[in-house]
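Per-chain residue numbering starts at 1, and chain names A, B, C and D are given in the order in which the chains are listed.
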Amino acid sequence: MIISTKRGTPVEELYKIIRDLESKGVSVTLIRGTDYNVFGLVGDTTVIDEKQVRANPYVENVQRVSEPYKKVNRLFHNEDSIVDVSGIPVGGSQKIVIIGGPCSIESEVQTVEIAEKVKAAGGCMLRGGAYKPRTSPYAFQGLGSEGIKYMVEAREKTGLPIVSEIMSEDKIAEFEEFVDLIQVGARNMQNFSLLKALGKVKKPILLKRGLANTIEEWIMSAEYIAASGNENIILCERGIRTFEKYTRNTLDLSVIPIVKEKTHLPIIIDPSHATGNYKYVESMSLAAVAAGADGLIIEVHSCPEKAFSDGAQSLVPEKFAETVRKSREIAKVIGRDIY
Amino acid sequence: MIISTKRGTPVEELYKIIRDLESKGVSVTLIRGTDYNVFGLVGDTTVIDEKQVRANPYVENVQRVSEPYKKVNRLFHNEDSIVDVSGIPVGGSQKIVIIGGPCSIESEVQTVEIAEKVKAAGGCMLRGGAYKPRTSPYAFQGLGSEGIKYMVEAREKTGLPIVSEIMSEDKIAEFEEFVDLIQVGARNMQNFSLLKALGKVKKPILLKRGLANTIEEWIMSAEYIAASGNENIILCERGIRTFEKYTRNTLDLSVIPIVKEKTHLPIIIDPSHATGNYKYVESMSLAAVAAGADGLIIEVHSCPEKAFSDGAQSLVPEKFAETVRKSREIAKVIGRDIY
Amino acid sequence: MIISTKRGTPVEELYKIIRDLESKGVSVTLIRGTDYNVFGLVGDTTVIDEKQVRANPYVENVQRVSEPYKKVNRLFHNEDSIVDVSGIPVGGSQKIVIIGGPCSIESEVQTVEIAEKVKAAGGCMLRGGAYKPRTSPYAFQGLGSEGIKYMVEAREKTGLPIVSEIMSEDKIAEFEEFVDLIQVGARNMQNFSLLKALGKVKKPILLKRGLANTIEEWIMSAEYIAASGNENIILCERGIRTFEKYTRNTLDLSVIPIVKEKTHLPIIIDPSHATGNYKYVESMSLAAVAAGADGLIIEVHSCPEKAFSDGAQSLVPEKFAETVRKSREIAKVIGRDIY
Amino acid sequence: MIISTKRGTPVEELYKIIRDLESKGVSVTLIRGTDYNVFGLVGDTTVIDEKQVRANPYVENVQRVSEPYKKVNRLFHNEDSIVDVSGIPVGGSQKIVIIGGPCSIESEVQTVEIAEKVKAAGGCMLRGGAYKPRTSPYAFQGLGSEGIKYMVEAREKTGLPIVSEIMSEDKIAEFEEFVDLIQVGARNMQNFSLLKALGKVKKPILLKRGLANTIEEWIMSAEYIAASGNENIILCERGIRTFEKYTRNTLDLSVIPIVKEKTHLPIIIDPSHATGNYKYVESMSLAAVAAGADGLIIEVHSCPEKAFSDGAQSLVPEKFAETVRKSREIAKVIGRDIY
């Protein structure tokens, strides 16, 4: 950590700052400049709160040199983590996983039918929303436990592990019992109570990036889960909010090499929510695989114009199958395969 | 709602779309253009899901004409709502409220001392964080119930109603019993489970705008609370995330006239979190009052460089008193006063 | 174009609006709703200025149904445009072009050496900055005409067409004479004087997307050039400005399918400026090819840490060669090849 | 400047970096940490290119401690600059200037009429666009020299100095002869050729902030003009591009205290372009004055719905007069007045 002080700071204030910092166990070097003085801090600087330092009226600026995360930081854990989702390994140089399914679970028939098509097309897990975060209180809010039950049914019929989003702590027992990969949605990425509670859970977590969260904040949310005891975390990019309006969000594929450099966690891509438009899903899926993603999560619906939610971004099963097939070819070029 | 279809859409598909829409109870007018056909929908279009319509491969675009909110919409409720916070009226042409206090509750002594200074300076409510949403799991997470107890103590000594942030549903009973104005923080603005639960509560809600949420989404979150039964809602702008890095966030003061145009709810401004820097708080406070805000919520700390969190943006009590004094003069120019 | 009017607009005002609009040659349909009235306009609505309509105090909102561009709009020109760059065809189902070279032209030796390496590695054009847009007036501003001369030299030695950025109208004669593909940089994307002047030029234009410009504004800038007479335009995405700070900009690869849907122009990707970091360039290059880009423009420098500008994002020639090789494999999977 | 190197960087590479930096005249202190090593640089670090340093594969990160601007930096020039606009002083503790006028100059009659109304309402300068930057090549592009002539006419009749936007270097002679305050528009904020040329001009410059430019980049563009010889610069905030769509742009009023802290230049606010909506202009004007702005630039049109451009954001003269009157009252509260 680097702290710079204002021009004209009295020498006694500089020494007061040094004493304060040293009392927290870090070692401090003072570099005297022409317009500013700068302190270099060495040691465990995670104990120091930048904002508190910045509150000192003599302090000009505070900058971190090292990343604020530990458990998920590749610096301290060099090998790739492989996350086991009910027998399917995700991450490292493992095969790429393709997860398909409807935005919302609508009925038992719909769920089983789509699950069978996802499986036939080459998908290896089933996604589906039972509890739905909707912007409007008047929109369909999901079938809840009923929806989870239908997914379990579909898993029994197809063998596909199931992925679903949790929206509140009071459903943790239900998800831990029935769901194979528990998703934290973008809107709850910084619901810290929920993250802490998921740190106690035995199932792996799929942590979506918040709409407007930096990569660092996203990794810090993974750190919350890991720090509470659960290190089985898969990160998922789903587009960020920008000024552009031709797409629902802007898919940030550069997170793939960055997440792999900064952490040891797997990363998958959700091209459906990112673009919000079925026409762009295949193109972004192939791009994600080429860029090195460990998986894709794609919305699939047999009849998008009748979907209860997000039909505009769903692929029909035939198009999904084609996307899986092309992804496999791209995967082979970069030395991997599709699970 | 306006729906446009692609060039070359067969006539039978146009009629299929009309029949589908009419079956939902809206009336449809078809306007035939040169390159596009356009449908105009009249009636209660909140029953129609835009994304579902967009899933039809013949549909080019869907645009809403009317706002998706009802209960908080000024169109259907023309007078200003006045929200009562334990006897203090907020909104309309009422006096402007200034809320002060520390970011985090740190001790009983600190809380009572700051509360007394806030009161002496002209503040009319005490803010303080007992449960703290922190980006890092290693940062101070707040005193919890202990902190709420200290605030209650400070209220007993000073008579100031207390404002504090709730982070999860399981604390609702505690907040309903002890806190006068329950704050939903920016990170939980779309925690829809929490919003629904707060709709059942008897206390007023202070709903902060999410870091990267549009005004429409923010109003929709207020609609969630109102639709669940609690119409005592105060909106609070606290800065949005942009590319600019000289401030922590970008304070969007244009929300003041917009919120007053679109809704009947009161709106207050948090210049401390928006700028993240005590040096800019007074200037933004005066601007907010001049622009017509119904209140300010400002961080105050007796010793910012020792604060457990967010010291950099806290005012010392003397500076807070000066800000209240100047705000009062501005308020009088625009025909209001400070409570 | 759809115009909605406010609740309570007097009937005579509705008819005044209709007469005004009809006087501009469009046909108007009025749809009477419960809370709003809506006008649907059919005909050449490009003659109507949205902002002028919005100035009418009875107007609530104005929305365009059709895109505001004509000449570059795929709706009116269905086949892909193939742009000829001194004999190399770009766009459509042609081979993918890979352009390499230094950010800044530094010397004759450097330029020729890098050009030879770019060619050996499989690049088909040479990029290089002679006039440099730099944020700081104290940074290296480019060699100017001297730099263009060195590039011409390199072209003579290698046969590679050259690509360079123009910064002002008074250099047009020089660029038209010497440069094969004239680049308009991100900061000049809406320098409309320059765009109009380039519409008179015989050479093809490489139009970079502005840092914070929407896809629609970007296409409208292409429309400026086309409307002035030059339809040989290649679009280039180079990252947009977002809140994220781990990368210099956020590369928006979804523009590839969108640009191809909305226009008939070729699109290439600049992963070097987008990410600002050589470590992420290969990954983003492969993603761009997989997503369907018509080309790549990559910074290559023999000794990045000695580069006069942007060394941090330059590939050494060996790494560039590897990127070309892998791109070729990806290109083959999607039925194309590298030029 | 602070440079951190990667874990495991060989000692000889650390010393190579130190030697390289010292050869550029700065003094270097090495702080050895547990995971990283950090160099602190003291001296004139503006000679060092951050991106070049970052190109070294052993370098992890580079951070500036001091600001990259000199001439406009308050650190080196503590008193406020007062810019003289044909006799009207702008900045410091001078009276606040209010500039009014139409977006586009449309005719001689319109210009003179609005100028007289602006003057009668208490405005002290006339704004008007003769050369118009329009997103669409098919929109009205301005009257050009004819428009400048009408503004000169209006100045002769009213005595109001005139403000107009320059779009290309080849008009500099015309602007230097006829215009009192030469505006650089948001889209040209980083047209460095134009900025350099304006550095040679004798008239003051009104430099608008780019749509998506940081405060630092904006100040660096002022530095370009100052470094070329013209220090008579007024900065103008006009809203930045964000995800919010209820306003055209998001007005960032926090720039007022920041610009005054970082530079010695005056700053004025354009609430018309920022909000894009006449309904929000008064509220944002009063906020700007309360926050300490040195002036306002407001669009005024006698008949907004007939304006050739931007009618939606123009005030009618009566409303403008009311805004000036209220601004004066606010100004008095903060110890200033309206010119």
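As a working rule, a contact is a pair of C-beta atoms (placed from the backbone, for glycine too) under 8 Å apart; a residue touches a chain by one contact, two chains touch by 3 or more.
Since the structure is predicted, the reported quantities are computational estimates derived from the model, not experimental observations.
**Q** Trace the shortest sequence of touching chains from chain B to chain C and report its length in steps.
**A** The least step count works out to 1.
**Q** Which chain's mean C-alpha position is the greatest distance from chain B's?
**A** Farthest by centroid: C.
**Q** Just the number, please: Cα centre separation of chain A and chain B in whole Å.
**A** 26
**Q** Which integer distance in Å separates the CA centroid of chain B from that of chain D?
**A** That pair's centroid distance is 31 Å.
**Q** Take the average of all CA coordinates in chain A, do the same for chain D, and state the distance between these two points in whole angstrom.
**A** Chain centroid spacing, chain A to chain D, equals 39 Å.
**Q** For chain D, write out the residues touching at least two other chains, lowest number first.
**A** 212, 241-243, 245
**Q** Can you tell me which positions in chain A touch chain C when the two form their complex?
**A** The contact residues of chain A facing chain C are 212, 214-216, 240, 242-247, 250-254, 256-258, 261-262, 274-275, 279-280, 283-284, 286-292, 326, 329-330, 333-334.
**Q** Which residues, counting only chain D, touch chain C once they are in their complex?
**A** 46-47, 49, 51-57, 68, 133-140, 167-170, 187-188, 190-194, 196, 211-212, 217, 220, 223-224, 227-228, 241, 276-278, 304-314
**Q** Can you tell me which positions in chain B touch chain C when the two form their complex?
**A** 2, 4, 7, 29, 31-36, 38, 40, 42-43, 60-61, 63, 65-66, 75, 212, 241-243, 245
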